[in-house]
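Read from first to last, the chains carry the letters A, B, C and D; within each, the first residue is number 1.
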Amino acid sequence: MLEVKDLFVEFPTRNGSVKAVDGVSFSIKEGESFGIIGETGSGKSVIGLAILRLLPPTARIRGTILFEGRDVYTMNSREMREMRGRFVSLMPQNPATSLNPVLKNSIQVSEVFEQHGIKRAEGLKKAKDIMSKLLLTDPGRVCDQYPYQLSGGMKQRLLASISLSMHPQLMIADEPTKGLDNESREKTVELFDKIRSEYGSSMLIITHDLDFARDVCDRVAVMYSGRMVEINKAGTIVTSPSHPYAKGLVQALPRNGLVPMDGQSPGRINLPDGCLFYQRCKSRKDVCKKQVPVMKIFEGGRVSCHLY
Amino acid sequence: MSSLLKVRNLNKEFNGARVLHDVSFNIEQGETLGLFGRSGSGKTTVGRCVIGLENTDGGEIVFNGNPIIANGKKPASGSNGKVPGIQMIFQHPETSLNPRMKGMDSILEPLQIHNMCTNCQMQDKAKELADMVGLGMEHLCRYPSQLSGGEIQRIVLARILSIGPQLIVADEPTSMLDVSVQAQVLRLMKRIQEEKEISYLLISHDIEVLQQVCDRIAFLEEGRIVRVEET
Amino acid sequence: MLIFFTHILTHVSGTGDLMIRKRLISALNNEHLQKAVERKDMLIAMIMLALLILVALASPVLSPYDPNAIDLDNKNGNLTSAHLLGTDYLGRDMLSRILCGATTSLSISAGVVTLSLIVGISLGCIAGYYGGFVDEVISRAIDLFLAFPSIIFALAMMGALGPSILNLMLSLAMVHWASYARLMRGQVLSVKEQEYVLSTRLLGASDRRIMRKHIIPNSIAPIIVLATIDLGHVILSVAALSFLGLGLPMDIPEWGAMLSAGKGFMRTAPLQTIFPGLAITLVVVIFSILGDGMRDILDPHEQGDDLY
Amino acid sequence: MLVFMLMNVLPGSTAELMVKHAFVGLEQGVTDEELATISERYNLDDPLYLQFFHWMEDGLLRGDLGTSYVYNRPVAHLLKLRLPATILLAMSSMSIAIVCGVSLGVYSALKENRLTDHLLRFVSLFGVSMPGFWVGLLLILLFSVKLKMIPVTGYGSFENLILPSLALSIHSMTSIMRITRTSMLETLGQDYIRFATAKGLPMRLIITRHALKNAMLPVITVLGFQMGYLLGGSVIIEQVFSWPGIGSLLVNSISARDLPVVQGCIIVIVAMFLLVNFLVDILYTYLDPRIRYG
């Protein structure tokens, strides 16, 4: 379905270019829910935006992204517009700022349909039944209201229904649980389960919340400072990860005793050579310092570390 | 030994709606009391009332023996109702520090306010505080916009510790931080608690964090303390 | 009304004045200056400004003739070696009049802006910080003065007071302070709620200290931008007023007056209307460039490259 | 109310000052009893508040704003005569400023950092800095003196409206353009624009439906202030083009120390200013639903 090979993304700034994504490769199969876990600034959101070519013009992108075998970066703007919304849709990070404050909800929902050749009235009807499927109370009233009149949870569901309106083959969800408390996080998990059962579209879920990834994703990749360090089934990653950083992440969870890792992730302008986790890795070897570990198959998943 | 902080049936109305109903709890010397509640349960309001940022509609708060709030009113004592012994850590790192002041000035400001030591001592006092919260000197000469969330919360902690408080009210100090950084900050707070005999009122919606860090947890629902458990 | 107004002025300007001086010094000597030099357009504008101030200060020495020396035999003369920019209808040398005009314009506008800055910032800060009754009174006064288009008010004042430099400065300042006060009040209201202000108050800082250390530095930036651009606008107003003959007495050379004098002889000696206008435009352009540049430099999140 | 207080409280008893100036042209000294008759006729001697009530009572209630000292005809009549000219001038320059300002602003925002953008910004820099009356003079110089195309002064036909309204609108047009450009750029960076692109909407639709409406909000707030500047400017432009509007009446009456006329003009101008601000507020609530439901 989606194939990403050696993706590099750099943002030139006043004092040097920030290497947001430093050689990432992964693929998502039909109907699979693939998660990317990473902390703030690990470059996970950049990947999502790169797939839909929504990065700012200043970004320098290398590498190939194949969707259904076609390279996204060789598509012309018409093909690109065709793909966005119909085949690949985005569920943005903070629902509050992703809805146009001065436009009625009905316009914002139906315009996706209009764009892909469906008349507004019919589009609105379709949108309403998607909304009711996603447990959004009284879709009719919501459509006539303005975004600021909706609660956080309702905004999220509205966004979900917008991005699902054309039954896309791939849905990219960017940090759906950011800033939510436990209870609304359960609701989000429920929402995503409904989406998968109802539409069966494959999903790319970008989050920093391990438990959420375990509950919603089949396979999960762990990102650190712009590189993928481990890819494995969601269950194994959360319970028994193999990469030292992934282990550190799991141990830092409150329920596992809040065992902290010392130090911070390296500066992104001139990345140290060798393994990026070298300074903070407890089981580091001198080879880690010099040579960038390559992705190796290991116990059903892949890990990039010299220990294995 | 009487408890450090005694709160007796604290009430608070917020434009008509009653937000807190007879909230009572106390915090012993050197203890960490967790305050758990979903968003909207009024836990932040409790914190702000204890700290004196919000005035209350009834109830007493006694800190270290002397009352700071008697039946809802602030007695004349204390610098406009703010007790130096209690300090607060806020939830959002990006607004907890003055964007125009370097880390160093933020840490030293409390000392300057109470002119607790001469300028020559300032430098090494700052060094000492920075070491205590695990920050190097290079962090001190950066602006908050050049620091990560975890580093900012450490500077906030150092800033508060400089005047030796007895109770720190922390309103979801680590909810905006990543998991690994959260672990570092909470570990740091525990270490400081042992060294400086400080007690915490830790407010959070994340029950796992509270179970891990607090000695006792008070459960707050719709402005009422429903139960208090030992961890 | 006027007596009452000057009374607040003297009392308030005492406190406001010291705040401003300290803030401006500390704000300018740190890295803001290096950043300013980095930008080409700012550099040019600053050099031109320095030149301008030099000319304004040294105009009596620089100008070849006494600006008011009447020499009737070569009225409306064109460019000659003796009179580089020709002469006006009374035979006075245009070049020296323009040079001295720079002094008048710059000194008046500097005076007006500083005066309104002091009053505006102090009143705005007090209104924003303390709120309640004080805020009510000051805000009403602000609305009162802003109800007038600035030139109309100044026109009426000048008409009543009669032409003199002090009256001109006073009448212009009476209008401009209100816009500073309103901007300042808005800034203070938003900064006051920030968490770092609350925590400083908890640490026992006095109101004055909070205002000086935290509130003003974080709300002064847009005011400085407005003040820089206003320097240009005041020059425009001064020129307009003296164009209508209500500005300065005749003996003080002023660009606006020159323009209105030259108006009558447009057909025969058009140059008289072009040079003073050009001078005004040039000065105002310098201030506009400086103003825009200041806006980017003092922008808070431009501080340094924030962590990616 | 403020206008009246202001004019009368100022230093020197206005009446005496006024009378002296008004007649200085005619003959030299003003004898005391002449002074007395004049002030009695215009009841200038009784205390201020009585004058004020007198003025308010017959002025605002019956529209008789007193009689002009110089023209000796009721002020209201004078104002009515001149009002249409000023409104015409203000309206035409306002529309030019808004139409060109907004469209150029949006255009240069879309072509950000390309040649046209830099060119427009450079021109707008000068546009904002040029004093209105100097622009007027230049236009006269260019069009009438050199090209002899358009009549310089006079009122009535469409031709002589062009120059004054153009001169008056240049300043507002350029500042509106700059504000539109910045707010447009800011809006284009918002999340909902990125989400709209993610929905596959064409750029053209995104701009018209999403970006434009949001970008106009800050522009409208500043519109009120710009109109004030426009009214202020009209006073001067009317002088340059001797356009028979309230502005030139105000200027002449000030130099002629004609108190009631001055007050009348100021009140009318301020009224127009407040009216425009009021309209701007209504437009703002219409555009931004958040405020309408409050």
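In the analysis below, a residue touches a chain if its C-beta (ideal position, glycine included) is under 8 Å from a C-beta of that chain, and two chains touch if they have at least 3 such contacts.
These numbers were taken from a predicted model, which means no experiment stands behind them.
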Most widely separated chain from chain C, with each centre as the mean of CA atoms: A
Pair joined by more contacting C-beta pairs (A-B or A-D): A-D
For chain B paired with chain D, centre-to-centre distance based on mean C-alpha positions, whole Å: 55
Computed distance of Cα centres, chain D from chain A, in Å: 54
Rounded Å distance, chain A centre to chain B centre (Cα mean): 34
Residues of chain B engaged with two or more neighbouring chains: 148
For chain D, residues that touch 2 or more chains besides their own: none
Residue numbers of chain C (touch at least two other chains): 305, 307
Touching residues on chain A, where the partner in the complex is chain D: 52, 54, 81-86, 89-90, 92-94, 97-103, 107, 111-112, 115-116, 146, 148-149, 159, 162-163
Parts of chain D lying in touch with chain C, wherever the complex brings them together: 2-3, 5-7, 9-11, 14, 125-126, 128-134, 137-138, 140-141, 145, 228-229, 231-233, 235-236, 239-240, 250-251, 254-255, 257, 262, 266, 269-270, 273-274
Complex interface listing, chain A residues touching chain B: 39-40, 179, 181-183, 208, 210, 248-249, 252-255, 257-262, 264
Chain A-touching residues of chain D, taken from the complex the two chains share: 190-192, 194-202, 205, 209-210, 213-214, 217, 287-290, 293
Chain B to chain C touching residues, read off their complex: 51-53, 79, 82, 84, 86-88, 90, 92, 95-101, 106, 109-110, 113-114, 142-143, 145-148, 156, 159-160, 163
